[in-house]
Amino acid sequence: MKILKKIGVLTSGGDAPGMNAAIRAVVRSCAYHKVDCVGVYRGLQGLIEGDFKELDARSVKNIINRGGTFLKSARSKEFRTAAGRKKAFNNLQSENIDALVVIGGDGTFAGASRFAEEFNFPIVGIPGTIDNDIHGTDYTIGYDTALNTVVEAIDKIRDTANSHNRLFLVEVMGRDAGDIALNAGIGAGAEEILIPEQNMGRERLLESLSRSKKSGKTSSIVVISEGDKSGKNIFELAQYIEENLTEYEVRVTVLGHIQRGGSPSCYDRVLASRLGVGAIDAILRGETNVMIGIVHNKVVSVPFSETITGNVEMDKELIRVADIISI
Amino acid sequence: MKILKKIGVLTSGGDAPGMNAAIRAVVRSCAYHKVDCVGVYRGLQGLIEGDFKELDARSVKNIINRGGTFLKSARSKEFRTAAGRKKAFNNLQSENIDALVVIGGDGTFAGASRFAEEFNFPIVGIPGTIDNDIHGTDYTIGYDTALNTVVEAIDKIRDTANSHNRLFLVEVMGRDAGDIALNAGIGAGAEEILIPEQNMGRERLLESLSRSKKSGKTSSIVVISEGDKSGKNIFELAQYIEENLTEYEVRVTVLGHIQRGGSPSCYDRVLASRLGVGAIDAILRGETNVMIGIVHNKVVSVPFSETITGNVEMDKELIRVADIISI
Amino acid sequence: MKILKKIGVLTSGGDAPGMNAAIRAVVRSCAYHKVDCVGVYRGLQGLIEGDFKELDARSVKNIINRGGTFLKSARSKEFRTAAGRKKAFNNLQSENIDALVVIGGDGTFAGASRFAEEFNFPIVGIPGTIDNDIHGTDYTIGYDTALNTVVEAIDKIRDTANSHNRLFLVEVMGRDAGDIALNAGIGAGAEEILIPEQNMGRERLLESLSRSKKSGKTSSIVVISEGDKSGKNIFELAQYIEENLTEYEVRVTVLGHIQRGGSPSCYDRVLASRLGVGAIDAILRGETNVMIGIVHNKVVSVPFSETITGNVEMDKELIRVADIISI
Amino acid sequence: MKILKKIGVLTSGGDAPGMNAAIRAVVRSCAYHKVDCVGVYRGLQGLIEGDFKELDARSVKNIINRGGTFLKSARSKEFRTAAGRKKAFNNLQSENIDALVVIGGDGTFAGASRFAEEFNFPIVGIPGTIDNDIHGTDYTIGYDTALNTVVEAIDKIRDTANSHNRLFLVEVMGRDAGDIALNAGIGAGAEEILIPEQNMGRERLLESLSRSKKSGKTSSIVVISEGDKSGKNIFELAQYIEENLTEYEVRVTVLGHIQRGGSPSCYDRVLASRLGVGAIDAILRGETNVMIGIVHNKVVSVPFSETITGNVEMDKELIRVADIISI
């Protein structure tokens, strides 16, 4: 087996809290195994442009607590072309990089997988995205932090909702998956939670709100996943409710990009550290074309091909819990 | 002089963090002076409906750290009518309430002032609003907390801005006054700050952003007061920039109602405690139709007539500081 | 099977963030199943004193985000006596309470188990303790929040450590188990982590610190579980290091009771909600003398007899990760 | 008048949140005025050792939100010697530094003042310390943040105090001045506040606690300034109370170094920005041997000789407020 001397690391796709902790673990794990480490800036695009920098154990000090990714991230159309990928491969060759760790979501893994096969180049992935929508791992880096950010934001909104007997519609991230909405909705004590997997519809929402108003609730929070289609959009839905449920003043808040940032939670820092160490372990064992994930609290390797996001079935127990505790 | 035996307290207008701390100080100050205290629920509307509850020193335990107002707040059209105010007065009479503390903004003070004169009823005000737009006091309760909330939210957004070399437009509260935008913009390290008092205009904004892009900035935050009219709205402005400054991806975040909530800062808790104590002192001294404010760190009384929000001149020193430190 | 009409709920032992969320889920789940619910104040002692209060769905509004337990907790020596337990049973009888949910740690479960057997009275437990030291559940309510609290506190200490090139010893909770120290130590980027399961000894600590000082580290955080015996106590250990490693100024911080409080994390709120719902489900299914726990993200029932804290084996993978990433 | 071409900046003494924001403002203000700027690492000691680094506008990006000081701080015995100061002067000469901004407390200003006079070297100070104990400025950088940190920590402790009907003694910083204890004590809703300026004595504390226990309080927080001498120390005081007031379990928490760290509050960031800009303005106006402070919200210059900490009189209004609202 070829002896590995230099490993590259990059972050790609949307940034997520804990990516820096994962980079740190990769870099220090390289130092521990006496392998050189190179940071690739701006993701796959940086690979094409040869935007490299040597990283040693001290290069990654004081970053475990910082949101975002100091290696930066970027979208790369060029990497989807054969010419782009060839450039990337040449850069890796001339830099003597023997293997690559890519931190990102399923789009990143798809690109990495193709590249790994095309050039027979060892690549290991680490799941970093707030969306928790990757198969083969129970959690992705950044998801736990995002949940806490959403819950803290809604706690603030609740202060105002309670003070004014208002109904608030709060939109959270999640284009295809309702994980954030469902978990943060439970955590924030939401009255109703609208997720793409269910598509409750605005009529049933109205009935439910009307019922709970009668049962004595004076204010309410409805958490809505951005992928939910119960209204044309959240503003139109608010207007519909206000017209049909005149006891309530309705207000809308779109949480937006604050959900991506912030200092990572302890869970995300530990998860990122474990997966970073696990990725280097996997590379040194000769694995490639796999993602390092966490299943039942054990670090595991999963072929890239099995990680592609498909329909994740909604957790029925959680939906039942949400129904019961919002009574 | 008539001896006061019972004082009412209410919160009115938009809620603000620290209102609970102010109520607590009013209630405990009454207990200290052996005067009864009555909480009026839902502001001026509750006055009309006789929504009263006796409060003693223990009624307000464990609320100093909570956002919102446990007495709730509401708008009251009825209070603008003579009939409504007469009802309110009758309720105060039959409840034997001798004086009133009202916590709110300038709209609340205007209504209270009229009522105080109409019925020769002692009323003292406490400035509670995140907008800091009341004459006669250096600070209003809730403003300091709102600034911290905005700055913490933008810190999170900055993580993503840095990771992606993006430009973020962030809308903050302030329909007429740019205080929140200017201070939070400086605190958050914003590149540009758009406030209604200046109306920079979108062309000058573009020039400035273009200049700083050239000077090596890779990401930027622009903080925009909701009252600023540099674009038709923030989304239109974002589109304009993206079309004319192609190096940047532009993203928009409207912070919205999270700015009103949250556990109050130490400053707001102390300020609320001082003004609450000061309000009861003023009532017991026989003052009426005044707001208790803070000027140069001293508690002062200001006639309601002088508190009405007019044009607050923008602080030129702060604007200069903002310009210099965003170089 | 006897039809259940009224269920009691209490919290016992040290308080933990998320206990309120668990109580809320129990109360609302009762409302959902149309069973009456009674809150028992001050834990097992309140059972003896008959300190009961009816709780309906609205009684538990706006508590999901609050630390501590609104039912309060207390130690009860009397409950260890046959006479005390008899009184408790009589109170349950005269109040027509058919079953009990107890939220607490292994001490609570031991007492509850004995009581359940003695009087053939249905009891179901929910694990609530920041220590995560209960068999049969992957997580206890409050543990995730405590980790975040510790990590945020150490982030603050790190600011000072970095500014002054200092060595900080930080003591965290964990008399018998090093879970908090190990996870929060990894999360906080600690240089060394001392846990009772390892007992590194002060000489090896000194060697390791000396080595890393030479390798270029300018400041360091050592996280120490209160149960660790590497020094007589943390202050003595600090003095020993300062005497033998003169390049460092050493400072000590004992985090103490801030670790028990705070608004629960999203994870703890969701966990508490699931276990609360699960506990009522179990009671309605006729189960007794069991704890409702979470294993591999599924809600499970575990006999009380299997939950008693024994020696939890330390996670070797985590210890290895801690070693590698602190290089 | 000599034209200034290069200005140095350093931080000295204990670190405080907002120091980085002040450095940033100094550096960017230099860039704005087209003056070179040099960072001096490790305070006055770095001056002696010539530990310098050029700083431009981009060098200080993304630090406004970070606690501590990236220029680091250190104590310097050598600077107290004539030989040490001579070395420092020579380094400034050979580096062509024309003036110096020093950020720190009164100890730093005393040293700087001596140096400025000895070598006729222009020095301007900025008050950076969490203790708020400097004459000539209403606020020092870091004080507002420290208050928020203390209040948030006590909010957590209160969760546990409430849950267990306990009495907590919480020690906060302040060797000579009780500002932090008094303000944070009010903000945290403390039952009693012990400050060095008052020395209540343990007997009177006992009486007061006993009274409030009788009046129905079930838990209490006592905030104690580290300079208070009501007991030999906080642990001895706790024991004394427990022996004499048997209804209470007493617990002790020493907040320690977490009070120095953390992301600065908006107020501290804005204050630091204004004083940093003001310091360069003062230097360019030819001022020296002055501190730039804030008085009644205006930036002012105060001779170093007037800033030396003397006895600050305790604010009697605040003490009265504390008494009233803890009833």
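In order of appearance the chains are A, B, C and D, and numbering begins at 1 in each one.
In this section, a residue touches a chain if its C-beta (ideal position, glycine included) is under 8 Å from a C-beta of that chain, and two chains touch if they have at least 3 such contacts.
This is a predicted model, so every value here is computed, not measured.
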item: Angle of the C-alpha superposing rotation, subunit C to subunit D, to the nearest 5 degrees; value: 180
item: Reference subunit B; chain at largest CA-centroid distance; value: C
item: Between subunit B and subunit A, distance of the C-alpha-averaged centres to the nearest whole Å; value: 35
item: Cα-centroid distance, subunit A relative to subunit C, in whole angstrom; value: 28
item: Centre distance in Å when subunit B and subunit C are each reduced to the mean of their C-alpha atoms; value: 39
item: Residue numbers of subunit C (touch at least two other chains); value: 155, 158, 162
item: Chain contact graph, described as a line, ring, star, complete graph or other shape; value: ring
item: Listing of all chain pairs that touch each other, if any do; value: A-B, A-C, B-D, C-D
item: Complex interface listing, subunit D residues touching subunit C; value: 11, 15, 17, 19, 42, 66-69, 72-74, 149, 153, 155-160, 162-165, 168, 251-258, 260-262
item: Interface residues, subunit B side, partner subunit D - complex; value: 24-25, 28-29, 31-32, 57-58, 61-62, 64-65, 138, 144, 147-148, 150-152, 155, 158, 162, 183-184, 186-189, 215-217, 263, 265-267, 269-270, 273-274, 276-277, 296-297, 299, 317-318, 320-321, 323-327
